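Order of writing sets the labels: A, B, C and D. Residues in every chain begin at 1.
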Amino acid sequence: MTSPADQGHVAAAGDVATLDPDEARAPAGRAVPWRRIAVITALIVVAVVLAYVRSGSGVVVVQAVATGVLIGGVYGLIAMGLTLIFGVLDIVNFAHGSFLALALFLTFGLAQAGLHPYLALAVSVPAMFLLGVLVQRGILAGAMGKPLENQLLITLGISLIIENALLLFFGANPRSVPLPGDRGVPIFEAVANLSRILAFVGALLLAGLLYLLLQRTRLGTAIRAVAANDTGAQLVGIDTRVIYAVTFALGTACAGAAGTLVAPLVTIEPTTGALFNIVAFVVVVLGGMGNVVGALVGGLVIGLAEQLGGIYLPGQSPLLSVFIVFVLVLFLRPQGLFGRSA
Amino acid sequence: MRKTWTLSLALTLPLALAACGGSGPAGTSNGGGAQSGDTIKIGSLHPLSGASAADGQQMDNGAKLAVEAINNAGGIKAQGGKKLELVSADTQGKPEVGQSEAQRLVSDGAVGLVGTYQSAVTANVSTVAERNKVPLVIDVSSADSILAQGYKYTFRVQPSSTVLGTAGAQFLDQVAKAAGKPVRTVAVLHEQGPFGSAVRDAFKAEAEKAGIKVGPAIAYDAANVSDLTTQVTQVKASGADVLMVAGYYRDGVLAAKAVATVKPPALNAVYGVANGAFDLPQFPKEAGAAAEGFFDANYHADMTNADMQALAKLYQERYNDAIRTGAVLAYDSVKVIADALERSGGTEPAKVRDAIAEGSVPTLIAGNGPITFGPTGENENATPILMQVQGGAVKQVFPADKAETKPVYPAFTSR
Amino acid sequence: MTATSAPPAPETAAGRPLPRLPWNRHLIAIAVLAVLLVPLPLILPPAQASVAVRVLIFALMSIGWNMMSGFGGMFSFGHAAYFGIGAYASAWLLVEHRVSPWIGILAGMVVAAAFAALIGFLALRYKLRGAYFALATFAFAEMLRLWATNSDFVNRAVGYHVPLRPEASWWWLQFEPSSPNYFWVALALTVVALVVSVLYLRSRAGQFTKAARDDEDAAAAVGIPVMRYKLLTMALSAAITAVAGAFYVQYFLFIDPDLAFGSSVSIQAILPAVIGGVATVWGPVIGAVVMGPLNDVTATMLRNPPAGLEFLQGRSGLDVIVYGTLLIIIVLVLPKGIYGTIRQRWFRR
Amino acid sequence: MTLLRVDGISKSFQGLRAVDEVSFEVAEGSILGVIGPNGAGKTTIFNLIAGALRPDSGRVHLAGREITGHTPHQVTAAGMTRTFQLMRPFYSMTVLENVTIAVLAGGGAKRTARTAAAELIDRVGLGRWRDAPTEGLPTAALKRLELARAVASKPRVLLLDEVLAGLVPAERAPVMELLEQLRTDDGVTLVFVEHIMAAVMRLSDSVLVLDLGRVLTTGAPEEVTRDPRVIEAYLGEDPHAHA
């Protein structure tokens, strides 16, 4: 127990990151941590080579990498919303996956009504944004500043309600939203469905938009200010209540967008969101809680871990390798791959 | 000390109240109890809500139609024409709920139980049946472990995972040899649960007897798999000429899509064993051209049987839905109990059990002889048949006596 | 409390008597409650008796959770790990090695405690707090679930059936399905767990644990080896929850990876304590009494829905919606839980 | 006789040297005042010798035994207890329970711990707050509680981090009296960080002045305050700013 007592309340989880000595050398935000990127890239290369040795087939590894990267982009988008909420509101949002499930069902409904699945974005994103505002103002605002467990339990409650309301009203029969004109597209020796590639591209685009929003707009500056120091932000005249609501809504909108993008890829069930939620938590920790760019990179890493893990541990669930990566990161780099910056 | 008492009372009261709150089931059963003199109760335990509600409701409907048919034909004649009464219960697909609901039906005086679809629930219900000495006739639940307990009161109408895997391998061998292209290597893609693993093991053992190489065997988690492309690429890399798939509906569709995307060149056929997707009418609709040529060795309602056609028609009229094989199995299971009631000379569950063990009941399932139970409670005549998607519809193709048309092997001629 | 004729409390230099400790009051209440509840299964119809047993299993799980997360301040989101270990240890010993469930319960407690100490050591060694700690516990429970699902050692996803015995037997903890013995055993286990937790809390170790929860550095500064007592608390907490798992198997006679290690199990361990009152002796018990029968009440309602809600017939999920709503309301309005709030009003010292 | 000896301890944070080769000795039964401008490294030194931080280099000896790198509870067990600058009571407990735990942690018998704690509470003048929850206690009472809790573990050396800060002048005198009593009646050796110079002048046998992580000077209170380097170090900062 050599915890630095003079740091006061280390218990606030985000602070862990700031204790990292590396943080001083790579000041928050601007500088690109080339060394760390190199290390991560090297690790990935090693993992791919080992997978090749293990499977003995180049095609299989190329396919695994392609599939992993494509799904990883989507994980990244989902995790960006989650990490944004954590960075600004200090909430571990257990309801994130259920927002995604809600967007899935919304997309399904619109597609049933004859809308092209991707056009559903025009509905699902604003709808989830609005829902985010309502949930934050209506429920979570009452628990701001309370112990972490309180928010965790509240969002857990929200997720139980949403998931089971979907079950209650739609039943558990799996549904699907086929993408018109979906087909296999060759990538080197591998193939991937067009829907998967479009979801990946869409996720990257939206992630880029979110990044620009945070870095280049007044709103983004205000959000980052609140993330860094909310009392300070209040002092310079930022209405933190508005920022909290908007940030939470942006996060849920990310889940909404992701929901529509993955709708053609997954089987739509009330519990589908929970699966993504677990992965998203792992990604968030991996990328560093509150780090938006880290979430995207973390998503790619986890997508790869899931696919390559299936090669390393045949017969084990790919989720197992995701959790192994998760626990290792928690213990060895709790501040995530890129430390903290919002 | 007064506060101690207050506290104790405060704790006891809600418990008592809660107990009353939960008295709904008992209240319901008391209502039913009034008629217990003139009807014989059979319990139907299925997942009427929850993840498998659609199948559960089909099976419950199948059981209802059987009771209706028997009552219309004059009830149980050996017992003075007493009518049957079906008491339905919802397991919600949860083992604990299944257990308490089974207990409730038994307390209500059910002479036999029919159910339950999910293996975990069936396992629990079979324990209740055994402890209360009330026979349980399993309509759907293939896990071998259920009947491996040595229970005296549990019977199963559908074939077990082992029977399915074994027959599946035999059919494949025979069909390929008849086509002049004996199978060399079978890659296996199976869900990692007890069902997929048991089918894989039985299939592998039987196929290797016929000189077919089996491997690689790739498992996946049916609950959260979202893509099978990498797995099918592994199959492609292995050069196998047949891909065996044992899984459920959602993952079955994913496998079909992955095969259509990856297109392993050496592949002659995708061959399901008890696959939850490949022999369902909606499978060709959802998977489209990707489904064409897919085989499935599975138990299936015999569409060549006139009684079956009549039942399918009745079901369509009554419930506005196409009958699934599960409903037919539930229908048969109720028939099994009714037949036993005719011969048992009483309604004591123990006597009904003995009569079931000795019975021989005609069935509507294709390929099967009459339902007769072996010493472990397994239906000795249960066997699958082979089906194939041809021209966007599921057709019975093997064995010859149950075939609507001939199997096409290799299935993917165009590739 | 002044109405009782207790021996005079020791007095201090200032001449004021020291306040009495609340522990004896808890022990007496536990004893009274136990005696009052003994005839319950004889009164209740069988279906309700099984609900009562379920309530006790919930309570037992949550008493364990509350020990670590309430009194110890280490929020666990993975108590399914310990419940599952208890369940699997006793089932494995019984099915594979014909070992009595009583020994299985003990073995489950030991293994769960050891596993908790291991997780705890790693988590504390690497200083995981708050959300990180909760997520780590969650990850370990999930890893156990995934491992058990694919491991031949514990029969993969098939799990274990407890073999039926030809006649009732105390040694094999198996009775007629409607036997009140099940309730009595569960009651006895719950009472023991409550007594153990009260005794632990008043012990030196329990006091140190609470101090370490309130302020870890201050506790270390007065000389408390914080790590040791945190690990001890986690081990005890895991052992209690493991008892619930082991008893679950003997009562339901079946276990598989999802029933043992699923995340809903972890939630079931959390909810009673949160609803009843975190870090209170009685919170988990009261929460379990509220939660246990909910499923049956809503199932009954959905079987015959009230007018206007007919479309809900045959649907499921309402019970969990009620849990979720209850959870949010409690956290927002009664953050001390039902009992915690009552205690604040009535037993304010 | 030297009870506490610190030899050249250093500590860096992210390349910044917060404590640089600091050495000093404290004789048994004496009182050492530690002063220095903000950021001089006073609290860090406390953290280093009390085990909350591990020094990068250097050694700490207590009563001849090396305690460098010991964990805080081991240091306390070895006979040295610290208080915190910001009061850190066990918030869910009453004053009595807070002190009782410290008595128990110091090895006190369970049977007598509460009585001993109550006596200690009376002694630090907290008697009227004894059964009060620590939530909502006034600062002065919390400071006394912090002191009572530290004393309860029967230390030979007591490290006090600004015990007087936050107290109005009228509240300071009794606390200072109490500290003197601890030395004379209980033979406790005191090391205290303090901004209030009057207290430093009155209590200290010797004073250690820190600046920028280094020892600037050490000596008797009167000498030190006349030292021009000390005055320079404090320039730009009012030594009573925290009073």
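Methods note: a contact is a pair of C-beta atoms (placed from the backbone, for glycine too) under 8 Å apart; a residue touches a chain by one contact, two chains touch by 3 or more.
All values derive from a computational prediction rather than experimental measurement.
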Taking mean CA positions as centres, which chain lies farthest from chain A? D
Of C-D and A-C, pair with higher C-beta contact tally: A-C
Innermost chain by mean C-alpha position: C
Could you put a whole-Å number on the gap between the CA centroids of chain B and chain D? 74
Could you grab the centroid distance between chain A and chain D? Build each centroid from C-alpha atoms only and quote it in angstrom. 47
Between chain A and chain C, what's the gap in Å when you average each chain's C-alpha atoms? 32
So, what's the distance in Å between the C-alpha centres of chain D and chain C? 42
Quick check on chain D: which residues sit in contact with 2+ other chains? 50-52, 71-73, 84
Going by the touch rule set out above, which residues of chain B reach two or more other chains? 50, 53, 192, 219, 221
Tell me, which residues of chain A touch at least two other chains? 1, 3, 5, 167, 171, 315, 317, 319
Note: in the complex, chain A contacts chain C through residues 1, 3, 5, 10-13, 16, 86, 92, 139, 142-143, 146, 148-150, 152-154, 156-161, 163-169, 171, 270, 278, 281-282, 285, 289, 315-317, 319-320, 323-324, 326-327, 330-332, 334
Please name which positions on chain C make contact with chain D in the complex. 10, 12-14, 16, 18-19, 204, 207-208, 210-211, 213-215, 217-226, 279, 349
Note which residues of chain C are touching chain A in the complex, please. 69, 75, 77, 122, 126-132, 134-136, 139-140, 142-143, 146-147, 149-150, 216-217, 220, 226-227, 267, 270, 274, 312, 315-318, 320-321, 323-328, 331-332, 335
Could you list, by residue number, the parts of chain D that touch chain C in their complex? 50-52, 71-74, 76-77, 81-84, 88-94, 96-97, 100-102, 104-106, 110, 114-115, 118-119, 121-122, 127, 130-131, 149-150, 152-153
Interface residues, chain B side, partner chain A - complex: 50-54, 192, 216, 218-219, 221, 223-224, 226-227, 229-231, 233-234, 236-237, 249-250, 253-254, 257, 260-263, 286
